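In order of appearance the chains are A, B, C, D, E and F, and numbering begins at 1 in each one.
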Amino acid sequence: MRKNRLRQIWAEGGCAVSGWLAIPSSYSAEGVARQGFDTVVVDLQHGMIDIATAIAMLQAISTTDAVPMVRVPGNEATMIMKALDAGAYGIICPMISTAEDAARLVSACRYPPLGERSFGPARGLLYGGPDYFAHANDVIVTLAMIETSAGLENIDAILEVDGLDGIFIGPNDLSLALGEAPSSDPAAGSRAAAAIDHLLERTQAHRKHAGIFCANGVIGGKRRTAGFDFIAPGNEFNLLVAAARRELEHVRGTEAGRGKGSASGY
Amino acid sequence: MRKNRLRQIWAEGGCAVSGWLAIPSSYSAEGVARQGFDTVVVDLQHGMIDIATAIAMLQAISTTDAVPMVRVPGNEATMIMKALDAGAYGIICPMISTAEDAARLVSACRYPPLGERSFGPARGLLYGGPDYFAHANDVIVTLAMIETSAGLENIDAILEVDGLDGIFIGPNDLSLALGEAPSSDPAAGSRAAAAIDHLLERTQAHRKHAGIFCANGVIGGKRRTAGFDFIAPGNEFNLLVAAARRELEHVRGTEAGRGKGSASGY
Amino acid sequence: MRKNRLRQIWAEGGCAVSGWLAIPSSYSAEGVARQGFDTVVVDLQHGMIDIATAIAMLQAISTTDAVPMVRVPGNEATMIMKALDAGAYGIICPMISTAEDAARLVSACRYPPLGERSFGPARGLLYGGPDYFAHANDVIVTLAMIETSAGLENIDAILEVDGLDGIFIGPNDLSLALGEAPSSDPAAGSRAAAAIDHLLERTQAHRKHAGIFCANGVIGGKRRTAGFDFIAPGNEFNLLVAAARRELEHVRGTEAGRGKGSASGY
Amino acid sequence: MRKNRLRQIWAEGGCAVSGWLAIPSSYSAEGVARQGFDTVVVDLQHGMIDIATAIAMLQAISTTDAVPMVRVPGNEATMIMKALDAGAYGIICPMISTAEDAARLVSACRYPPLGERSFGPARGLLYGGPDYFAHANDVIVTLAMIETSAGLENIDAILEVDGLDGIFIGPNDLSLALGEAPSSDPAAGSRAAAAIDHLLERTQAHRKHAGIFCANGVIGGKRRTAGFDFIAPGNEFNLLVAAARRELEHVRGTEAGRGKGSASGY
Amino acid sequence: MRKNRLRQIWAEGGCAVSGWLAIPSSYSAEGVARQGFDTVVVDLQHGMIDIATAIAMLQAISTTDAVPMVRVPGNEATMIMKALDAGAYGIICPMISTAEDAARLVSACRYPPLGERSFGPARGLLYGGPDYFAHANDVIVTLAMIETSAGLENIDAILEVDGLDGIFIGPNDLSLALGEAPSSDPAAGSRAAAAIDHLLERTQAHRKHAGIFCANGVIGGKRRTAGFDFIAPGNEFNLLVAAARRELEHVRGTEAGRGKGSASGY
Amino acid sequence: MRKNRLRQIWAEGGCAVSGWLAIPSSYSAEGVARQGFDTVVVDLQHGMIDIATAIAMLQAISTTDAVPMVRVPGNEATMIMKALDAGAYGIICPMISTAEDAARLVSACRYPPLGERSFGPARGLLYGGPDYFAHANDVIVTLAMIETSAGLENIDAILEVDGLDGIFIGPNDLSLALGEAPSSDPAAGSRAAAAIDHLLERTQAHRKHAGIFCANGVIGGKRRTAGFDFIAPGNEFNLLVAAARRELEHVRGTEAGRGKGSASGY
């Protein structure tokens, strides 16, 4: 079975940098994957992407060395299994609040007797190879999103779930859960910032992996230095619209005004 | 019938700035259109976009004030008419080399007796309004791409074609046509640079409009200052992959190396 | 954030009339939306529409002043959140039988601390504006479908759920639930007719909003007079096939025979 | 090979009534086809439909007894052949102005030695049966649209083209070609009305078939009585939006006002 | 309402043979359906197919006499109802482990008072006919997949569920559940083989129907002889890739080497 | 720029074996490509595939080592250029009858000054690499289909066209052109068989490459031995339906009857 480069990077103590896709197109997916990312995540939760398009996007990512991953919309076994059958080598699952949640996620990602994944690897077989079944349980990576108060409280129990590779932090939702405004880079001193530090520390204590979504690469670099080993520096839609606005302003000569407002995402 | 803002901008002596779409997605199309562009072009020639997706993209652009335009793949009446029926308010047509070419383009864009456009405005009616037929011949903008040696030679005859609103320059193809390497910003002293100056001068002499594709907004600003009144500062795919690579490099701390190579487009 | 016209209509004591879409096409969606409806509902339950097409349809509706809404297939948070992220300004949710059901629906539609909606507004941001997060909880409309016996029994508890804007009645399912044949216009004296009256009365007593699906506009007008303030006069597929059959019969001169059978829906 | 019911209807002296599709959806296509039409035309010219969706629509039509037909966007052999390979049993081709045009159309529809159609019947084989090749030349129906002044002048030469089954009149374009406003039902005394009468008379003189597009079934019935044997009473998009507006007005009680304006098509 | 041929075959003591679709295309679906299968299953679980494409595939199957069926991804009422509304005449549901599971499945497939299916038959009405509602509860076939240890233990209770027509065995998952390697044709003496025999025997004892997925037609023939009355001899993707590899090897003259390895599925 | 393996195979005196795709799906495309073919052709002429799906299929092929190629529907520069921009490394063009036809084909495939290809390599850049422009003229393979009497007569002039890599024979159309029934394996003694021998001989005399479509691999092996160096042993749709019918017959025990009729293609 094809190796999972993400595991190799981690085994070497490295930090994986991930593209993040919200635009439903296999062309932009291939373009992003081609830039040198270690992994690329197709976002089925907040991305404007459905599973049919996601399959074509996973194929597009598979033309490169980037590891194809999927953020599923929720902790539902049918969609997790479908993403895996489509060739995803990693699953990021939102809103994991308890060890039971995490165990369900892991179970959906693993064939019996370790889990309850149904057999029928489909495109997984094309991407992984004919010995897919023999190794899939070891190759697939599972990351639990910690973004609720309960998830924060239960972090140790969650990290103890066998088969869970680590966590992925959504700073916006985590901020909201802690009663703060959504922020992709919570300010020092905020509850969210403290929670992020705590989550990283606990994850490292459990010798598992900690990922985080960042608004951009500068924040991502800071997170890498702090010890995160899976960094997603912005989704491609936000990068695109910010870049488009910047060029527009350059033509108009209004780029000086940019400092006052934010172009991102709107 | 809904006014064509592009004509209004030109009437006021302004310069329109245009988004340029190569990604087949109505979501990224809406995102780009929402950034404040005056017009947005769906590129059916070099974009990875077919007519079915283009229709959804024109709808997405129509949620904003940006004028929806289409670059057709060639000077074929059936596709030009389909783009117009889909609600395009402007057509950019590649490889116009003679006055006859230009006349055929204009004819496909106009109802009889001025042209040969077939009646059946479809979505054009939804976008333009119930009096579409009465005004469409006056509202639709047509731009001829000058990118061959013949086109360069015949520029005056082309500009004299009644109903043609102006030209649009593709610097890459123009460079190629003149025996130079493709360049989206031909260096001073090159034949392509001279040709661009000449084309602008002739267009202004004919009191028509001159547009040009630019690799980015800085070049676009320079072209605006030079007198071009329709500027497309980069296609969104190139902006996206360059931005994605930049963020990736920020995370890895390798952004210093960027100056040596180009990320764009690959 | 863009205002929700539905709230404005209600604030002025008006009755909103809604288009209802079952055909998976952004072209027919735009056509219907353009006819002057106050809102247009994309039906993900019984419509032949999936979420990917729904996104393009929401964009098409957004080219007009009609408020884009979605009927979700069930009370599942992931799909509700996806519809909202895609720019829906209102959610109609089937089969609400208890206050707990209603509370779950409302929670999925609201950001913390009022609910559990996950942050990542995507196209919602394009449609609503950059201050989407600050106002979304107040802008989004939520309607619970009452179409089970339990829902009928628990109507007061359901209406007391904070954040629920009102109810939407599906007469066919309600008839079925009460042991009668499905009918979109239950006859006077039937249990369904009595239930509809009762539901309207209770909703008004709670000063909330009552919507109902009708087979056509004549029934819709009757419901408006009765006090309903959200009327969906037929889905567009049924309108289309009935109209097509009518024209066919006119050509054949067989339209007199129409009285004997029903063309609708088949 | 499956018989072509259109030929059977004509052999019995009957008049075929045709559905006409502009909405890109196999669901609405099946709905329309199911209403009892003799044939259904997928309109690739002014419909918002591309060839990929057309294939699914032809399949949908094939679930009924209606004969699947395609109006191609122009007289281009590649698209005509693709439509036939996709299972179309009839081709309507716009803008036939000369006998040469008509001969090219017919040639694209017939295998050698009668024509130049390339072999590879694909879905045609599924729909027609394993002996498709042996009979296709006799089964496929070809209709030439007469909608230019030249077409009108050359009508006799066009009708003499061997293998052409008849003509199809587009009253809007014909009106335009004759210097009148586009009208789907030209008024008595107009040049277009006279031309329609003339075209019908010449077609009957050549013992060929005459079809015409009508705005609705009432006009269609009149045309049938006049002798046309192929009637398309309105496209489904216009029927849909008119029906939707009518129901909307019924709810609002504004239907009285309808007489003053036209809802169709906008 | 159109009869369900599957019920007719069973009533005559016959064995239905089913196509099985994993490729998301209405063209291959129609091709397979046209080969003479009694039923064809669109696999939404392990197939690379989403519901939108499944609708077009159901239409394609409906051009033939084969009964259109759907394997849903899981026991979720919303998707089961959507498949039925799309015209499926049979549902195969994975992972039924208890009588409660089976009862939920059956309930989702039946209108009240027998079940909880929501009214809105959509395409079901087109395929089934205008009296769809009156007969649907009797016409639709429901099969429960037995592929867990619990399902095996609870087989009698499951088979006693009123309205369940029978079972469908997935040998791969059943093997896994019993601690053996996945196998589509478990070897004699294995626990899976014994379980299959037992399930068949119990199903026959309950006078219900037993289906099974087979890797190919030879195994399928054996199962038919053994008494199974619903056989799916391989999914079309595996048939395709095996056939493609075989032809490739014939060209290269390497087909002798084929005995050493397996071409299937990879 | 990525090498073209087809050129490498030819340089080593080898014979390339090609998959051939008519089903519009990137999943089946990847499955076929994964079987070990040297090249895979997306058939835009007789395949039920449009350019949008073709792009996703080219991506799917690009996940393997197989060279992605396109058969275009005709000798139209816009579609040829679009296929190349989408990453095709080879073009097969139907109905080349004269040296002028061949020259036009070659011109559309080459950048100036050798040809007239317009610059904008899009996905070609992703697949080929950042130095795409510098090498594309040398890397892209062009094959002219000889399938008309004129093509047969003009074969020497066609083969002399600079930049044309060789020919590809469509035996069915060639048979038809010579007044024989279409056959994918013309019988010895037929005019088509003689023509095929002649075309191969002339191609070898010109030291160019000769490809041919075969109904299956056995015929393909025979052609390879005869000296053809590009073999397409059947399209995947025909392979699929034949395989499906075979398995069906195995279950029913009717496979003996197979000898009497042909399953292929229907």
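Quick note on the criterion: a contact is a pair of C-beta atoms (placed from the backbone, for glycine too) under 8 Å apart; a residue touches a chain by one contact, two chains touch by 3 or more.
Everything quoted here is computed from the prediction, not taken from an experiment.
A.B. asks: Shared touching chains for chain B and chain F?
C.D. replies: A, D
A.B. asks: From chain F, which chain is the farthest off, judged by mean CA positions?
C.D. replies: If we average the C-alpha coordinates per chain, C ends up farthest from chain F.
A.B. asks: Please pick, from B-F, A-B or D-E, the pair whose interface repeats that of A-C, with more than half of the contact pairs identical by residue number.
C.D. replies: B-F
A.B. asks: If you tally the C-beta contacts for C-D and for B-C, which one comes out higher?
C.D. replies: C-D
A.B. asks: Which integer distance in Å separates the CA centroid of chain B from that of chain E?
C.D. replies: Chain centroid spacing, chain B to chain E, equals 52 Å.
A.B. asks: Counting in whole Å, what is the centre-to-centre distance of chain A and chain E, each centre being its mean C-alpha position?
C.D. replies: 35
A.B. asks: From the C-alpha centre of chain A to that of chain F, how far is it in Å?
C.D. replies: 41
A.B. asks: Going by the contact rule already set, what residues in chain F reach two or more other chains?
C.D. replies: Answer for chain F, listing residues that touch two or more other chains: 22, 24, 27, 31, 34, 48, 50, 52, 55, 122-123, 126, 237, 266.
A.B. asks: Could you please write down every pair of chains that are in touch?
C.D. replies: A-B, A-C, A-E, A-F, B-C, B-D, B-F, C-D, C-E, D-E, D-F, E-F
A.B. asks: State the interface residues of chain E toward chain C in the complex, per the touch definition above.
C.D. replies: Listed in rising order, the residues are 50-52, 55, 77-79, 81-82, 85-86, 111-113, 118-123, 125-126, 129-130, 133.
A.B. asks: Which residues, counting only chain F, touch chain D once they are in their complex?
C.D. replies: On the chain F side, the touching residues are 22, 24, 45-50, 52-53, 73-74, 76, 94-95, 147, 170, 172-173, 176-177, 179, 181-182, 237, 262, 265-266.
A.B. asks: Which part of chain C faces chain B closely enough to touch in the complex?
C.D. replies: Counting only chain C, the residues touching chain B are 26-27, 30-31, 34, 55-56, 59-60, 62-63, 122-123, 126-127.
A.B. asks: Once bound in the complex, which stretches of chain B touch chain A?
C.D. replies: It comes out as residues 15, 17, 19, 22-25, 27-28, 31-32, 34-37, 48, 214, 216-218, 220-221, 224, 231, 233-234, 236-237, 239-253, 255, 263, 266.
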